[in-house]
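Order as written gives the chain letters A, B, C and D; numbering starts at 1 within each chain.
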(Lines give C-alpha, C1' and ligand atoms only; values in the text may rest on other atoms or scores of the structure.)
Protein backbone atom coordinates (compact mmCIF):
# COMPACT_ATOMS: atom_id res chain seq x y z
CA UNK A 1 0.00 0.00 0.00
CA UNK A 2 1.15 3.52 -0.79
CA UNK A 3 -0.44 6.66 0.57
CA UNK A 4 0.16 10.39 0.10
CA UNK A 5 -1.71 13.62 0.81
CA UNK A 6 -2.29 16.55 -1.56
CA UNK A 7 -4.80 19.40 -1.69
CA UNK A 8 -7.66 19.90 -4.13
CA UNK A 9 -9.51 23.23 -3.99
CA UNK A 10 -8.18 23.65 -0.47
CA UNK A 11 -9.46 20.25 0.65
CA UNK A 12 -7.21 17.47 1.88
CA UNK A 13 -6.96 14.74 -0.77
CA UNK A 14 -5.53 11.45 0.47
CA UNK A 15 -4.48 9.13 -2.34
CA UNK A 16 -4.10 5.43 -1.63
CA UNK A 17 -2.97 2.63 -3.90
CA UNK A 18 -2.52 -1.11 -3.46
CA UNK A 19 -3.98 -3.30 -0.73
CA UNK A 20 -5.37 -1.97 2.58
CA UNK A 21 -5.31 -4.90 5.00
CA UNK A 22 -4.56 -5.65 8.65
CA UNK A 23 -0.85 -5.34 7.92
CA UNK A 24 -0.96 -1.98 6.11
CA UNK A 25 -3.95 -0.17 7.62
CA UNK A 26 -1.82 1.42 10.35
CA UNK A 27 0.00 3.43 7.69
CA UNK A 28 -3.31 4.79 6.40
CA UNK A 29 -4.37 5.65 9.94
CA UNK A 30 -1.08 7.52 10.45
CA UNK A 31 -1.74 9.51 7.27
CA UNK A 32 -5.34 10.37 8.21
CA UNK A 33 -4.75 11.28 11.86
CA UNK A 34 -2.98 14.63 11.32
CA UNK A 35 -5.55 15.63 8.68
CA UNK A 36 -8.33 14.90 11.18
CA UNK A 37 -6.43 16.58 14.00
CA UNK A 38 -6.02 19.81 12.05
CA UNK A 39 -9.81 20.01 11.98
CA UNK A 40 -10.74 18.98 8.43
CA UNK A 41 -14.49 18.43 8.11
CA UNK A 42 -14.32 16.96 4.62
CA UNK A 43 -11.61 14.60 3.45
CA UNK A 44 -11.31 13.33 -0.11
CA UNK A 45 -9.95 9.80 -0.28
CA UNK A 46 -8.96 8.68 -3.75
CA UNK A 47 -9.29 4.89 -3.92
CA UNK A 48 -8.95 4.51 -7.72
CA UNK A 49 -5.83 2.39 -7.37
CA UNK A 50 -6.91 0.36 -4.33
CA UNK A 51 -7.16 -3.26 -5.41
CA UNK A 52 -8.14 -4.76 -2.06
CA UNK A 53 -9.61 -3.78 1.31
CA UNK A 54 -10.81 -5.76 4.33
CA UNK A 55 -11.87 -5.03 7.91
CA UNK A 56 -8.34 -3.80 8.66
CA UNK A 57 -8.84 -0.91 6.24
CA UNK A 58 -12.54 -0.51 6.88
CA UNK A 59 -11.88 0.02 10.60
CA UNK A 60 -9.66 2.98 9.74
CA UNK A 61 -12.35 4.45 7.47
CA UNK A 62 -14.99 3.92 10.15
CA UNK A 63 -12.89 5.83 12.72
CA UNK A 64 -12.53 8.72 10.29
CA UNK A 65 -16.25 8.65 9.46
CA UNK A 66 -17.12 8.71 13.13
CA UNK A 67 -14.94 11.77 13.69
CA UNK A 68 -16.32 13.57 10.62
CA UNK A 69 -19.96 12.52 10.86
CA UNK A 70 -21.39 15.48 12.76
CA UNK A 71 -19.84 18.23 10.66
CA UNK A 72 -18.86 16.71 7.37
CA UNK A 73 -17.96 13.50 5.59
CA UNK A 74 -15.35 11.24 4.20
CA UNK A 75 -15.57 11.27 0.38
CA UNK A 76 -14.43 7.99 -1.14
CA UNK A 77 -13.45 8.62 -4.74
CA UNK A 78 -13.72 5.94 -7.40
CA UNK A 79 -13.40 2.68 -5.46
CA UNK A 80 -13.55 -0.39 -7.72
CA UNK A 81 -16.68 -2.54 -7.85
CA UNK A 82 -15.49 -5.03 -5.24
CA UNK A 83 -14.41 -2.36 -2.77
CA UNK A 84 -17.73 -0.58 -3.31
CA UNK A 85 -19.62 -3.81 -2.65
CA UNK A 86 -17.74 -4.29 0.62
CA UNK A 87 -18.59 -0.72 1.69
CA UNK A 88 -22.21 -1.61 1.18
CA UNK A 89 -22.00 -4.87 3.13
CA UNK A 90 -20.44 -3.21 6.19
CA UNK A 91 -22.98 -0.38 6.18
CA UNK A 92 -20.54 2.40 5.26
CA UNK A 93 -22.51 3.37 2.18
CA UNK A 94 -25.56 4.15 4.29
CA UNK A 95 -23.62 6.20 6.85
CA UNK A 96 -24.27 9.94 6.83
CA UNK A 97 -20.58 10.58 7.43
CA UNK A 98 -19.62 8.80 4.22
CA UNK A 99 -20.09 9.68 0.52
CA UNK A 100 -19.14 7.96 -2.71
CA UNK A 101 -18.01 9.81 -5.86
CA UNK A 102 -17.03 8.62 -9.30
CA UNK A 103 -14.11 11.05 -9.62
CA UNK A 104 -12.28 13.84 -7.80
CA UNK A 105 -14.10 16.54 -9.75
CA UNK A 106 -17.54 15.26 -8.73
CA UNK A 107 -16.40 15.22 -5.10
CA UNK A 108 -14.98 18.75 -5.31
CA UNK A 109 -18.15 19.99 -7.04
CA UNK A 110 -20.32 18.56 -4.25
CA UNK A 111 -18.21 20.40 -1.70
CA UNK A 112 -18.39 23.60 -3.79
CA UNK A 113 -22.16 23.35 -3.86
CA UNK A 114 -22.21 22.88 -0.09
CA UNK A 115 -20.12 26.00 0.60
CA UNK A 116 -22.25 28.08 -1.78
CA UNK A 117 -25.39 27.35 0.21
CA UNK B 1 -36.22 -14.92 36.40
CA UNK B 2 -37.08 -13.19 39.67
CA UNK B 3 -35.15 -10.29 41.12
CA UNK B 4 -35.42 -8.20 44.30
CA UNK B 5 -33.24 -5.76 46.20
CA UNK B 6 -32.47 -5.73 49.94
CA UNK B 7 -29.73 -4.22 52.08
CA UNK B 8 -26.93 -6.03 53.93
CA UNK B 9 -24.78 -3.95 56.29
CA UNK B 10 -25.93 -0.88 54.38
CA UNK B 11 -24.93 -2.32 51.01
CA UNK B 12 -27.39 -2.97 48.19
CA UNK B 13 -27.98 -6.71 47.84
CA UNK B 14 -29.66 -7.74 44.60
CA UNK B 15 -31.03 -11.28 44.70
CA UNK B 16 -31.73 -13.07 41.44
CA UNK B 17 -33.21 -16.50 40.80
CA UNK B 18 -33.98 -18.51 37.68
CA UNK B 19 -32.61 -17.98 34.19
CA UNK B 20 -30.96 -14.73 33.02
CA UNK B 21 -31.19 -14.75 29.22
CA UNK B 22 -31.85 -12.37 26.32
CA UNK B 23 -35.54 -12.40 27.20
CA UNK B 24 -35.20 -11.63 30.90
CA UNK B 25 -32.00 -9.59 31.19
CA UNK B 26 -33.86 -6.29 30.73
CA UNK B 27 -35.59 -6.87 34.07
CA UNK B 28 -32.23 -7.29 35.79
CA UNK B 29 -30.96 -4.12 34.10
CA UNK B 30 -34.03 -2.25 35.36
CA UNK B 31 -33.33 -3.46 38.89
CA UNK B 32 -29.64 -2.51 38.80
CA UNK B 33 -29.97 0.91 37.14
CA UNK B 34 -31.45 2.82 40.12
CA UNK B 35 -28.91 1.21 42.46
CA UNK B 36 -26.09 2.39 40.20
CA UNK B 37 -27.72 5.78 39.72
CA UNK B 38 -27.92 6.40 43.47
CA UNK B 39 -24.13 6.15 43.50
CA UNK B 40 -23.45 2.70 44.96
CA UNK B 41 -19.78 1.75 44.59
CA UNK B 42 -20.23 -1.84 45.73
CA UNK B 43 -23.20 -4.01 44.81
CA UNK B 44 -23.76 -7.50 46.14
CA UNK B 45 -25.45 -9.77 43.63
CA UNK B 46 -26.68 -13.05 45.06
CA UNK B 47 -26.71 -15.62 42.27
CA UNK B 48 -27.24 -18.75 44.45
CA UNK B 49 -30.51 -19.57 42.75
CA UNK B 50 -29.52 -18.63 39.20
CA UNK B 51 -29.63 -21.80 37.11
CA UNK B 52 -28.66 -20.29 33.76
CA UNK B 53 -26.96 -17.24 32.28
CA UNK B 54 -25.82 -16.31 28.77
CA UNK B 55 -24.54 -13.21 26.98
CA UNK B 56 -27.90 -11.53 27.57
CA UNK B 57 -27.26 -11.56 31.32
CA UNK B 58 -23.51 -11.16 31.04
CA UNK B 59 -23.95 -7.91 29.07
CA UNK B 60 -25.93 -6.47 31.98
CA UNK B 61 -23.23 -7.51 34.45
CA UNK B 62 -20.53 -6.03 32.20
CA UNK B 63 -22.33 -2.67 32.08
CA UNK B 64 -22.53 -2.62 35.87
CA UNK B 65 -18.87 -3.65 36.18
CA UNK B 66 -17.85 -0.88 33.83
CA UNK B 67 -19.69 1.71 35.90
CA UNK B 68 -18.31 0.39 39.18
CA UNK B 69 -14.76 -0.44 38.08
CA UNK B 70 -12.99 2.77 39.04
CA UNK B 71 -14.36 3.08 42.55
CA UNK B 72 -15.63 -0.31 43.56
CA UNK B 73 -16.88 -3.63 42.31
CA UNK B 74 -19.76 -5.92 41.60
CA UNK B 75 -19.70 -8.81 44.06
CA UNK B 76 -21.18 -11.99 42.61
CA UNK B 77 -22.25 -14.23 45.46
CA UNK B 78 -22.35 -18.01 45.12
CA UNK B 79 -22.89 -18.60 41.39
CA UNK B 80 -23.10 -22.28 40.51
CA UNK B 81 -20.19 -24.05 38.82
CA UNK B 82 -21.50 -23.55 35.27
CA UNK B 83 -22.23 -19.85 35.77
CA UNK B 84 -18.78 -19.43 37.33
CA UNK B 85 -17.16 -21.16 34.37
CA UNK B 86 -18.94 -18.81 31.98
CA UNK B 87 -17.73 -15.79 33.98
CA UNK B 88 -14.22 -17.08 33.47
CA UNK B 89 -14.65 -17.67 29.73
CA UNK B 90 -15.92 -14.13 29.09
CA UNK B 91 -13.12 -12.57 31.15
CA UNK B 92 -15.35 -11.25 33.95
CA UNK B 93 -13.44 -13.16 36.61
CA UNK B 94 -10.23 -11.32 35.72
CA UNK B 95 -11.88 -7.87 35.70
CA UNK B 96 -10.90 -5.55 38.54
CA UNK B 97 -14.49 -4.36 38.78
CA UNK B 98 -15.74 -7.86 39.55
CA UNK B 99 -15.34 -10.15 42.59
CA UNK B 100 -16.59 -13.62 43.40
CA UNK B 101 -17.65 -14.73 46.89
CA UNK B 102 -18.88 -18.04 48.24
CA UNK B 103 -21.56 -16.46 50.42
CA UNK B 104 -23.06 -13.12 51.47
CA UNK B 105 -21.08 -13.05 54.71
CA UNK B 106 -17.75 -13.41 52.91
CA UNK B 107 -18.72 -10.57 50.59
CA UNK B 108 -19.82 -8.32 53.48
CA UNK B 109 -16.63 -9.14 55.40
CA UNK B 110 -14.48 -8.13 52.41
CA UNK B 111 -16.31 -4.81 52.26
CA UNK B 112 -15.92 -4.37 56.03
CA UNK B 113 -12.18 -4.93 55.73
CA UNK B 114 -12.02 -2.38 52.94
CA UNK B 115 -13.78 0.36 54.92
CA UNK B 116 -11.57 -0.31 57.96
CA UNK B 117 -8.44 0.46 55.99
CA UNK C 1 -19.80 -38.64 11.83
CA UNK C 2 -20.71 -42.23 12.48
CA UNK C 3 -23.88 -43.98 13.60
CA UNK C 4 -27.47 -43.30 12.77
CA UNK C 5 -28.90 -40.00 13.79
CA UNK C 6 -32.11 -39.48 15.68
CA UNK C 7 -33.59 -36.18 14.60
CA UNK C 8 -36.04 -34.00 16.51
CA UNK C 9 -37.32 -30.62 15.41
CA UNK C 10 -39.17 -27.74 17.00
CA UNK C 11 -40.46 -24.61 15.40
CA UNK C 12 -40.78 -21.48 17.54
CA UNK C 13 -41.97 -17.91 16.96
CA UNK C 14 -39.01 -15.47 16.74
CA UNK C 15 -39.38 -13.88 20.17
CA UNK C 16 -36.85 -13.74 23.03
CA UNK C 17 -39.50 -14.88 25.50
CA UNK C 18 -39.49 -18.27 23.74
CA UNK C 19 -35.81 -18.94 24.48
CA UNK C 20 -36.57 -20.71 27.76
CA UNK C 21 -38.77 -23.16 25.88
CA UNK C 22 -36.00 -23.82 23.37
CA UNK C 23 -33.63 -24.58 26.24
CA UNK C 24 -36.09 -27.14 27.63
CA UNK C 25 -35.92 -28.84 24.22
CA UNK C 26 -32.10 -28.77 24.30
CA UNK C 27 -32.08 -30.11 27.85
CA UNK C 28 -34.44 -32.99 27.10
CA UNK C 29 -32.53 -34.01 24.00
CA UNK C 30 -29.17 -33.77 25.76
CA UNK C 31 -30.33 -35.66 28.85
CA UNK C 32 -31.63 -38.47 26.63
CA UNK C 33 -28.24 -38.57 24.93
CA UNK C 34 -26.72 -38.95 28.43
CA UNK C 35 -24.56 -35.81 28.30
CA UNK C 36 -23.07 -34.51 31.53
CA UNK C 37 -24.32 -31.34 33.21
CA UNK C 38 -21.50 -29.17 31.95
CA UNK C 39 -22.09 -30.11 28.31
CA UNK C 40 -25.83 -29.65 28.70
CA UNK C 41 -25.23 -26.14 30.07
CA UNK C 42 -22.86 -25.29 27.21
CA UNK C 43 -25.36 -26.52 24.61
CA UNK C 44 -28.14 -24.49 26.21
CA UNK C 45 -25.98 -21.36 26.07
CA UNK C 46 -24.82 -21.93 22.48
CA UNK C 47 -28.32 -22.72 21.16
CA UNK C 48 -29.80 -19.75 23.06
CA UNK C 49 -27.18 -17.41 21.59
CA UNK C 50 -27.86 -18.65 18.08
CA UNK C 51 -31.61 -18.27 18.60
CA UNK C 52 -31.26 -14.83 20.20
CA UNK C 53 -29.27 -13.75 17.12
CA UNK C 54 -31.91 -15.18 14.81
CA UNK C 55 -34.59 -13.28 16.73
CA UNK C 56 -32.62 -10.02 16.74
CA UNK C 57 -30.89 -10.07 13.38
CA UNK C 58 -32.95 -12.12 10.95
CA UNK C 59 -34.69 -8.95 9.91
CA UNK C 60 -38.09 -8.57 11.50
CA UNK C 61 -39.49 -11.52 9.60
CA UNK C 62 -42.28 -13.28 11.34
CA UNK C 63 -41.23 -16.66 10.06
CA UNK C 64 -40.61 -19.13 12.88
CA UNK C 65 -37.17 -20.35 13.91
CA UNK C 66 -36.50 -24.00 13.33
CA UNK C 67 -34.33 -25.91 15.76
CA UNK C 68 -33.28 -29.44 14.76
CA UNK C 69 -31.39 -31.82 17.02
CA UNK C 70 -29.29 -34.68 15.65
CA UNK C 71 -27.80 -37.25 17.96
CA UNK C 72 -24.97 -39.29 16.43
CA UNK C 73 -22.91 -41.92 18.18
CA UNK C 74 -19.99 -39.52 18.54
CA UNK C 75 -21.61 -36.07 18.65
CA UNK C 76 -24.73 -34.04 19.19
CA UNK C 77 -25.67 -31.27 16.76
CA UNK C 78 -28.28 -28.51 17.06
CA UNK C 79 -29.16 -26.56 13.93
CA UNK C 80 -30.88 -23.19 14.22
CA UNK C 81 -32.41 -21.88 10.98
CA UNK C 82 -34.00 -18.54 10.31
CA UNK C 83 -35.24 -16.89 7.15
CA UNK C 84 -33.00 -13.80 6.98
CA UNK C 85 -29.62 -13.06 5.42
CA UNK C 86 -26.56 -13.04 7.60
CA UNK C 87 -25.62 -9.37 8.11
CA UNK C 88 -22.59 -7.43 9.19
CA UNK C 89 -23.42 -5.26 12.22
CA UNK C 90 -24.20 -1.73 11.02
CA UNK C 91 -21.66 1.04 11.67
CA UNK C 92 -24.18 2.93 13.79
CA UNK C 93 -24.71 -0.12 15.93
CA UNK C 94 -21.00 -0.70 16.14
CA UNK C 95 -20.19 2.50 17.96
CA UNK C 96 -21.20 1.99 21.53
CA UNK C 97 -21.15 -1.74 20.89
CA UNK C 98 -19.67 -2.17 24.33
CA UNK C 99 -21.43 -5.36 25.21
CA UNK C 100 -22.13 -6.62 21.73
CA UNK C 101 -20.32 -9.23 19.78
CA UNK C 102 -20.26 -11.84 22.53
CA UNK C 103 -22.65 -14.32 20.95
CA UNK C 104 -20.64 -15.83 18.09
CA UNK C 105 -17.37 -15.97 20.08
CA UNK C 106 -19.17 -17.63 22.98
CA UNK C 107 -20.65 -20.26 20.68
CA UNK C 108 -17.21 -20.95 19.19
CA UNK C 109 -15.54 -21.10 22.60
CA UNK C 110 -18.10 -23.53 24.04
CA UNK C 111 -18.69 -25.85 21.07
CA UNK C 112 -16.39 -28.25 19.23
CA UNK C 113 -17.70 -26.86 15.94
CA UNK C 114 -19.88 -23.92 14.87
CA UNK C 115 -20.93 -23.68 11.21
CA UNK C 116 -22.75 -20.68 9.82
CA UNK C 117 -24.20 -21.22 6.38
CA UNK C 118 -26.61 -19.76 3.88
CA UNK C 119 -29.74 -21.82 3.31
CA UNK C 120 -31.02 -22.34 -0.25
CA UNK C 121 -33.98 -20.05 0.44
CA UNK C 122 -31.94 -17.03 1.56
CA UNK C 123 -31.90 -17.73 5.27
CA UNK C 124 -29.16 -18.42 7.80
CA UNK C 125 -28.39 -21.74 9.48
CA UNK C 126 -26.12 -22.07 12.50
CA UNK C 127 -25.04 -25.64 13.34
CA UNK C 128 -23.62 -26.21 16.82
CA UNK C 129 -21.75 -29.47 17.47
CA UNK C 130 -20.38 -31.02 20.61
CA UNK C 131 -18.41 -34.26 20.67
CA UNK C 132 -19.78 -36.79 23.14
CA UNK D 1 -19.56 -32.45 -1.53
CA UNK D 2 -18.93 -34.31 -4.72
CA UNK D 3 -15.90 -34.84 -6.93
CA UNK D 4 -12.29 -35.37 -6.03
CA UNK D 5 -10.49 -32.62 -4.25
CA UNK D 6 -7.19 -31.13 -5.20
CA UNK D 7 -5.46 -29.98 -2.04
CA UNK D 8 -2.73 -27.36 -1.69
CA UNK D 9 -1.20 -26.14 1.54
CA UNK D 10 0.96 -23.25 2.62
CA UNK D 11 2.46 -22.59 6.01
CA UNK D 12 3.14 -18.98 7.00
CA UNK D 13 4.62 -17.25 10.05
CA UNK D 14 1.88 -15.58 12.17
CA UNK D 15 2.54 -11.98 11.17
CA UNK D 16 0.15 -9.51 9.53
CA UNK D 17 2.81 -8.59 6.96
CA UNK D 18 2.42 -12.09 5.50
CA UNK D 19 -1.28 -11.62 4.68
CA UNK D 20 -0.55 -10.32 1.17
CA UNK D 21 1.33 -13.52 0.40
CA UNK D 22 -1.58 -15.61 1.65
CA UNK D 23 -3.89 -13.68 -0.69
CA UNK D 24 -1.61 -14.48 -3.64
CA UNK D 25 -2.08 -18.15 -2.74
CA UNK D 26 -5.86 -17.71 -2.58
CA UNK D 27 -5.87 -15.87 -5.88
CA UNK D 28 -3.79 -18.49 -7.71
CA UNK D 29 -5.94 -21.34 -6.40
CA UNK D 30 -9.18 -19.53 -7.20
CA UNK D 31 -8.06 -18.49 -10.69
CA UNK D 32 -7.11 -22.10 -11.45
CA UNK D 33 -10.58 -23.15 -10.31
CA UNK D 34 -11.99 -20.60 -12.78
CA UNK D 35 -13.84 -18.49 -10.22
CA UNK D 36 -15.07 -15.05 -11.24
CA UNK D 37 -13.48 -11.85 -9.95
CA UNK D 38 -16.14 -11.16 -7.37
CA UNK D 39 -15.81 -14.59 -5.76
CA UNK D 40 -12.02 -14.34 -5.82
CA UNK D 41 -12.23 -11.01 -4.00
CA UNK D 42 -14.63 -12.42 -1.40
CA UNK D 43 -12.37 -15.42 -0.78
CA UNK D 44 -9.36 -13.15 -0.37
CA UNK D 45 -11.22 -11.06 2.20
CA UNK D 46 -12.57 -14.06 4.12
CA UNK D 47 -9.22 -15.88 4.23
CA UNK D 48 -7.41 -12.67 5.21
CA UNK D 49 -9.86 -12.06 8.04
CA UNK D 50 -9.44 -15.60 9.34
CA UNK D 51 -5.65 -15.30 9.13
CA UNK D 52 -5.62 -11.84 10.75
CA UNK D 53 -7.63 -13.32 13.64
CA UNK D 54 -5.24 -16.25 13.94
CA UNK D 55 -2.32 -13.80 14.04
CA UNK D 56 -3.97 -11.53 16.60
CA UNK D 57 -5.84 -13.97 18.81
CA UNK D 58 -4.09 -17.32 18.71
CA UNK D 59 -2.13 -16.25 21.75
CA UNK D 60 1.35 -15.07 20.85
CA UNK D 61 2.38 -18.53 19.77
CA UNK D 62 5.10 -18.60 17.20
CA UNK D 63 3.70 -21.65 15.49
CA UNK D 64 2.98 -21.01 11.81
CA UNK D 65 -0.50 -20.69 10.33
CA UNK D 66 -1.52 -23.42 7.96
CA UNK D 67 -3.75 -22.60 5.02
CA UNK D 68 -5.16 -25.53 3.00
CA UNK D 69 -7.15 -25.16 -0.18
CA UNK D 70 -9.57 -27.84 -1.39
CA UNK D 71 -11.18 -27.58 -4.78
CA UNK D 72 -14.24 -29.80 -5.24
CA UNK D 73 -16.47 -29.97 -8.27
CA UNK D 74 -19.16 -27.89 -6.55
CA UNK D 75 -17.22 -25.75 -4.07
CA UNK D 76 -13.90 -24.32 -2.99
CA UNK D 77 -12.79 -24.49 0.64
CA UNK D 78 -9.95 -22.73 2.44
CA UNK D 79 -9.02 -23.95 5.91
CA UNK D 80 -7.01 -21.72 8.23
CA UNK D 81 -5.49 -23.49 11.25
CA UNK D 82 -3.63 -21.99 14.18
CA UNK D 83 -2.37 -23.47 17.43
CA UNK D 84 -4.34 -21.42 19.98
CA UNK D 85 -7.70 -21.84 21.71
CA UNK D 86 -10.66 -19.87 20.41
CA UNK D 87 -11.25 -17.07 22.93
CA UNK D 88 -14.04 -14.72 23.86
CA UNK D 89 -12.88 -11.09 23.52
CA UNK D 90 -11.85 -9.82 26.96
CA UNK D 91 -14.10 -7.33 28.76
CA UNK D 92 -11.33 -4.72 28.71
CA UNK D 93 -11.00 -5.11 24.98
CA UNK D 94 -14.73 -4.97 24.54
CA UNK D 95 -15.17 -1.46 25.87
CA UNK D 96 -14.06 0.84 23.15
CA UNK D 97 -14.47 -2.02 20.72
CA UNK D 98 -15.86 0.45 18.23
CA UNK D 99 -14.32 -1.08 15.16
CA UNK D 100 -13.90 -4.60 16.40
CA UNK D 101 -16.01 -7.61 15.75
CA UNK D 102 -16.19 -7.15 11.98
CA UNK D 103 -14.10 -10.17 11.01
CA UNK D 104 -16.36 -13.12 11.79
CA UNK D 105 -19.55 -11.40 10.54
CA UNK D 106 -17.79 -10.41 7.32
CA UNK D 107 -16.65 -13.99 6.72
CA UNK D 108 -20.18 -15.27 7.31
CA UNK D 109 -21.73 -12.60 5.07
CA UNK D 110 -19.35 -13.30 2.17
CA UNK D 111 -19.09 -17.10 2.28
CA UNK D 112 -21.66 -19.82 1.76
CA UNK D 113 -20.38 -21.55 4.88
CA UNK D 114 -17.99 -20.70 7.70
CA UNK D 115 -17.07 -23.43 10.20
CA UNK D 116 -15.05 -22.73 13.32
CA UNK D 117 -13.79 -25.83 15.08
CA UNK D 118 -11.36 -27.04 17.70
CA UNK D 119 -8.48 -29.05 16.36
CA UNK D 120 -7.41 -32.21 18.20
CA UNK D 121 -4.23 -30.50 19.38
CA UNK D 122 -5.93 -27.52 21.06
CA UNK D 123 -5.85 -25.14 18.12
CA UNK D 124 -8.55 -23.42 16.09
CA UNK D 125 -9.55 -24.18 12.50
CA UNK D 126 -11.70 -21.89 10.38
CA UNK D 127 -13.07 -23.43 7.17
CA UNK D 128 -14.38 -21.01 4.54
CA UNK D 129 -16.51 -22.42 1.72
CA UNK D 130 -17.89 -20.90 -1.43
CA UNK D 131 -20.15 -22.75 -3.85
CA UNK D 132 -18.91 -22.65 -7.43
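Throughout what follows, contacts are C-beta pairs under 8 Å (C-beta built on N, C-alpha and C of every residue); 3 or more make two chains touch, one makes a residue touch a chain.
Just so it is clear, the model here is predicted, and its values are computed rather than measured.
Note: centroid distance chain A to chain D, computed from Cα atoms, is 27 Å. One simple way to say how far apart two chains are is to compare their mean CA positions; for chain B and chain D this gives 38 Å. Work out the mean CA point of chain C and of chain D, and you get 22 Å between them. Rounded to a whole number, the gap between the C-alpha centres of chain A and chain B is 44 angstrom. Among the residues of chain A, those in touch with two or more other chains are 62, 66, 89-90. Residue positions 88-89, 94-95, 98-100, 102, 106, 109 of chain C are each in touch with at least two other chains.
Taken chain by chain, the contacts fit none of the simple shapes, being neither an open path, a ring, a star, nor a full set of pairwise contacts. Interface note: chains touch in the pairs A-C, A-D, B-C, B-D, C-D.
Listed in rising order, the residues of chain D touching chain A in the complex are 15-20, 23, 37-38, 41, 44-45, 48-49, 52, 55-56, 98-100, 102-103, 106, 109-110. The part of chain B that touches chain D in the complex is made up of residues 62, 65-66, 89-92, 94-95. The touching residues of chain D, counted against chain B in their complex, run 88-92, 94-95. By the touch rule above, chain D contacts chain C in their complex via residues 85-89, 94-102, 104-106, 108-109, 112-118, 124, 129. Contact residues on chain B toward chain C in their complex (touch as defined above): 19, 21-23, 52, 54-56, 58-59, 62-63, 66, 81-82, 85-86, 89-90.
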